[in-house]
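You will see two complexes here that share subunit A, one where it goes with subunit B and one where it goes with subunit C.
After this line comes the complex of A and B, so read on.
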């Protein structure tokens, strides 16, 4: 049987197909069908010839097989330093073999590649920093994921994830109406405490447009409210688009390149339509990576930049604190040892290492901030990046992977971890659940709201 | 034989080797693709070149990258090996005498004892790097016969050079062997993994441009390798 009903080479494009695949609990039937999925070697090889150029070819050719990448990989370290976890080995024994064999590989081999690409690499890009030749195996794994997706060899959750993006243009089934309603609901509810607060939808020519993660309207609407509170207090002229509000990209994790482009184009269209001066997104790493860092290339923008300056939420926060738009009550600053999780997707991949520390300098009493080791662009992945958090089949491997972050946190002696990234936040929550080391973790928004020095005219009347 | 090897054959070797390496550079650059690599090379050349420079310099400096600082033992072997095999052939007095005779100019020559030390050190470092391949599982799993062949091709001119220099056995034989192995080494450069003599710079520059443009450089954040 070349193609399954659930597991096949065709992306999920309709709600019916989406519901059908979703109804297959844990992907049992999906993975059973995958055992029979035929590899279209000609198509695979044609795709490679079209997309694999001198950078990747050279990376394969000049790899000196020195093994220095081994220790750079947290998955190598945390899995008993078995040689099969050496990044160079992982990519050469998968993508390298597919290329060597000109795409003529078996179903079994493709399934092996899928396991390696999604459970032995989080695309954190750390190995690229420790290779003398500058070979970035995270980039290569991202590429391999695309090849595997094109042949239907993708974990069930990510097939669904990119299907969600294709059908709903959001990673979850949140429609435009749902989103706008959530904004109205949150504005109404929050306005009681913050008189005058609004969540302006589709406002033209605002100073800043805000985009978020579908999880927020779906499961954590208070996050949208928190963003609104901070924009409100800062006196920001802001807006959210009714269409193109979803910034995340499970399609990037899945390797669904076509869908990646569509997601980002949708956000850029909102920018073109509403004409804001700038844009910012929520405290998410991969969403920023997708929409701001990689997105311009997917959509073919020649300058590699989004249509307007698109900053990460931490940059907006740092700016608001720096310029005094948001003021922190010194008495409410954090007075306990606290550490910070550097997200790979905007620290290693966009250098935003000093901005988060600037925020720390405003909100943490001097002397209480403890750096993880290693830190900044050398920091380790949270353990759940690249989609790892969300794949049931690799839960066990993911839980092992969390141990690196656990040890780093334990070494700081802190009980509070600031994690301005959805994936990192999830991973740290899960590591506490799994290993019970007695820590708390938080995004920046709620922390900052709790320590704001609010101008008097903004306070609710009964508190005045 | 000697005249042929140090005459036409040598010129041919130089032409193929250096010409070939030049072709490799050109092909590498031509094969870069802004959209597939996701780096806007052209649009932000200034940031890119700054990033490329930072990336190359950090790894040419034995304490410039965190990688070298946390692996001092490997860094020592690596630099001793590469400095020895690059510097010695270029500045060896015997080579420069030939250069003077044939082209009428020569480069400053290394004192013989320095050349001896560099060569010995490079050979020892090369052997230690090879030993790593056997000793450590994380290197063993990556190693293929090709890697050993590359080391043999690279070290052969140095070992035969030392044997000729110390007059072990038949000087003429070792000298001829030295020239032949040296030419094989040079001829291998463009066609094998040894192309990293130029592609190292290309690949480092490419990742440096990636960081210099997309991954932080344009945010004013300098990558600390």
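After this line comes the complex of A and C, so read on.
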């Protein structure tokens, strides 16, 4: 059986197919079909020839096999330091082999590559910083994922994930109507405590356009309300688009390149349509990477930049606090030991380490902030990045991976962890659930709302 | 006024009191009742893997699992279902308070009925402080009826309503609800204010003066709104408000207490101290309705 009904080389493009694959509990049938999935070596080799550019070729050639990348990889460290977990080995023995064999590899080998690409690398890019030649194996694994996806060798959840993006243009089944209705709902629910608060949808020429993660309207709409409260208090002229509001990209985790481009284009189209001066997104790492860092290249923008300056939420927050648009009541600052998780996707990969620390300086009483070790761009992945959190088949491996972050947190002695990234937030929640070390964790939004010094005229009128 | 009732339930024994009231109202007043159950909190990916709210186990939500949960609920409420024509089961995944509010909004429900602390498992508290009830009561557009204890005095139907007021804006809505319910169901209505002296040592003259003021205030605020409705009386005295409300309800064999719910701190630690209405909910021998919005009264 070359192509399965559920597991095949065709992306999920219809709601029908999406529901069909989703109804296959735990992907049992999907993975069974994968055992029989034929590798189209010619197509694979043709794709490599077309897409593997000089950087990757050079990286393969100049790798000195020195092994200096080994210790940089938290998965190597946390998995007994076995040679199979050395980044250079991981990529040479997978992508390297496929290239060497000009795509003539077996089904079994492709499945092995899938395991390595999604359970032994979170694309955190830490190895690239430690390699003397600057070889970034995270980037290479991202590329390998694309090749595997094109041949249908992708974990069940991520096949569905990119299918969601293709069908709903969101990582979950949230339609435009659902989204707009959620904005109305949250404005209604919040305006009593915040008189005058609005969530303006599709407002032209706003100063800033806000995008988010489908998880928020789907399960945690209070996050949308919190964003609205902070924009409201800051007096920001802001808007959300009715289309192109979803900033995340499970398709990036899946290696569905065509869909990656479509996701980002959809957001850029919203920018072109509404003409905001700037854009910002929610506290999410990979969404920022997809839309702001990688996106311009996917969509072929010649300047390598989004259509308007697209800042991360932490940049907006830091700016609002710095300029006094948002004021913190010093009495309400955090007065307990607190640590900060650095999201790989915007700290290591974009350099926003000082921005998050500037925010910390406003909201934490001096002396209570404890850095993790290592920290900033050297900090480790939360343990669940790159799609790792969401893949049932690799849950055990993911739980092992969480131990690095757990040890780092335990070493700080803090009971409160600030995690301004959805993926990190989820991973830290899961690590508490798995290992019960007695910590709390939070995004920035709710913390800051709790310590705002709100101008008198914004408070609800006295009740009596 | 009770056309659409949502019974938000975990299906655990702690929710039986709430279920009894909801089904009884459905039969007595011809309400449509939706048994709304949030079966799990999503853990990862597309909400297909959830922590079951009852067991805390990680389960995959598929057709089989949904059918099984529905069957369980039907068995749990078999007796009540027998005579209820307008009852249906709706299952959802998500954070319970959020999904209850979503369902109430989409149905434009008239009343949410729930237990106060049935299955608040640690699983879905994590990262989100505040109990399900507090969050629902704070944001719901419609009144929220809570049954915490097995409603010893609740024999079916409502005939004797106690409205406790603190003269707040929310109390205005709560009063309207109490009055309309009393009118519609032909109940006696007691309007009560407890002068809060808990923790204070006050001069007795001062107390009595304030009692007179409060009584006048009730007459000025609520009496004009009642028109031809005469089945009411007014009580005012001093004490710790929640204690006095519970005592008065017991004394008068009240079968429904109506109070305002204030939007307040959801921080778990601070919320533990609890507002008056929360204290009344956990102590009262009858259902307690909390009202915070003017929409559905």
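The criterion applied here is as follows: the second predicted complex is superposed on the first by the 462 of 464 C-alpha atoms of A that agree within 3 Å, B and C clash if a C-alpha of one lies under 4 Å from a C-alpha of the other, contacts with A are read in each partner's own complex, and residues count from 1 in each chain.
We take it that contacts are C-beta pairs under 8 Å (C-beta built on N, C-alpha and C of every residue); 3 or more make two chains touch, one makes a residue touch a chain.
Bear in mind that the values here come from a model prediction, so they are computed numbers and not experimental data.
Engineer: Considering only the touch criterion stated at the top, classify A:221 as touching first (subunit B), second (subunit C), both, or neither.
Structural biologist: second
Engineer: Is A:55 contacted by the first partner subunit B, the second partner subunit C, both or neither?
Structural biologist: The answer is first: A:55 touches subunit B but not subunit C.
Engineer: Please indicate which partner A:47 is in contact with in the superposed arrangement: first for subunit B, second for subunit C, both, or neither.
Structural biologist: neither
Engineer: Is A:304 touching the first partner subunit B, the second partner subunit C, both, or neither of them?
Structural biologist: Touch partner of A:304: subunit B, not subunit C.
Engineer: In the overlaid three-chain picture, which partner chain does A:454 touch, first (subunit B) or second (subunit C), both, or neither?
Structural biologist: In the superposition, A:454 contacts neither subunit B nor subunit C.
Engineer: Is the number of subunit A residues in contact higher for subunit B or for subunit C?
Structural biologist: On the superposition, B touches more of the residues of subunit A.
Engineer: Let me test your reading of the model: by the given contact rule, A:70 touches which partner, first (subunit B), second (subunit C), both or neither?
Structural biologist: first
Engineer: For A:185 in the superposed arrangement: first (subunit B), second (subunit C), both or neither?
Structural biologist: Second partner only.
Engineer: Please work out whether A:432 is in contact with subunit B alone, subunit C alone, both, or neither, and reply first, second, both or neither.
Structural biologist: second
Engineer: Report, in rising order, the residues of subunit A that make contact with subunit B in one complex and with subunit C in the other.
Structural biologist: none
Engineer: For the complex, give me every residue of subunit B touching subunit A.
Structural biologist: Counting only subunit B, the residues touching subunit A are 27-40, 42-44, 55, 59, 66-67, 71, 74, 78, 132-133, 136-144, 147, 193, 195-196, 199-200, 202-204, 206-208, 210-211, 213-217, 219, 221-225.
Engineer: Considering only the defined contacts, which subunit C positions touch subunit A in the complex?
Structural biologist: Touching subunit A: residues 42-49, 60, 62-64, 94-95, 98, 101-102, 105, 123, 126-127, 139, 167-170, 263, 267, 293 of subunit C.
Engineer: If you look only at subunit A, which of its residues touch subunit C in the complex?
Structural biologist: Contact set of subunit A toward subunit C: 22-23, 25-26, 157, 160-161, 164, 171-173, 185, 189, 192-193, 218-222, 389-392, 425-426, 429-430, 432-433, 440-442, 450, 463-464.
Engineer: State the interface residues of subunit A toward subunit B in the complex, per the touch definition above.
Structural biologist: Against subunit B, the touching part of subunit A is residues 51, 53-55, 57-59, 61-68, 70, 72, 76, 81, 83-84, 86, 88-89, 92, 128-136, 293-294, 296-297, 300, 302-305, 348-354, 374, 376-378.
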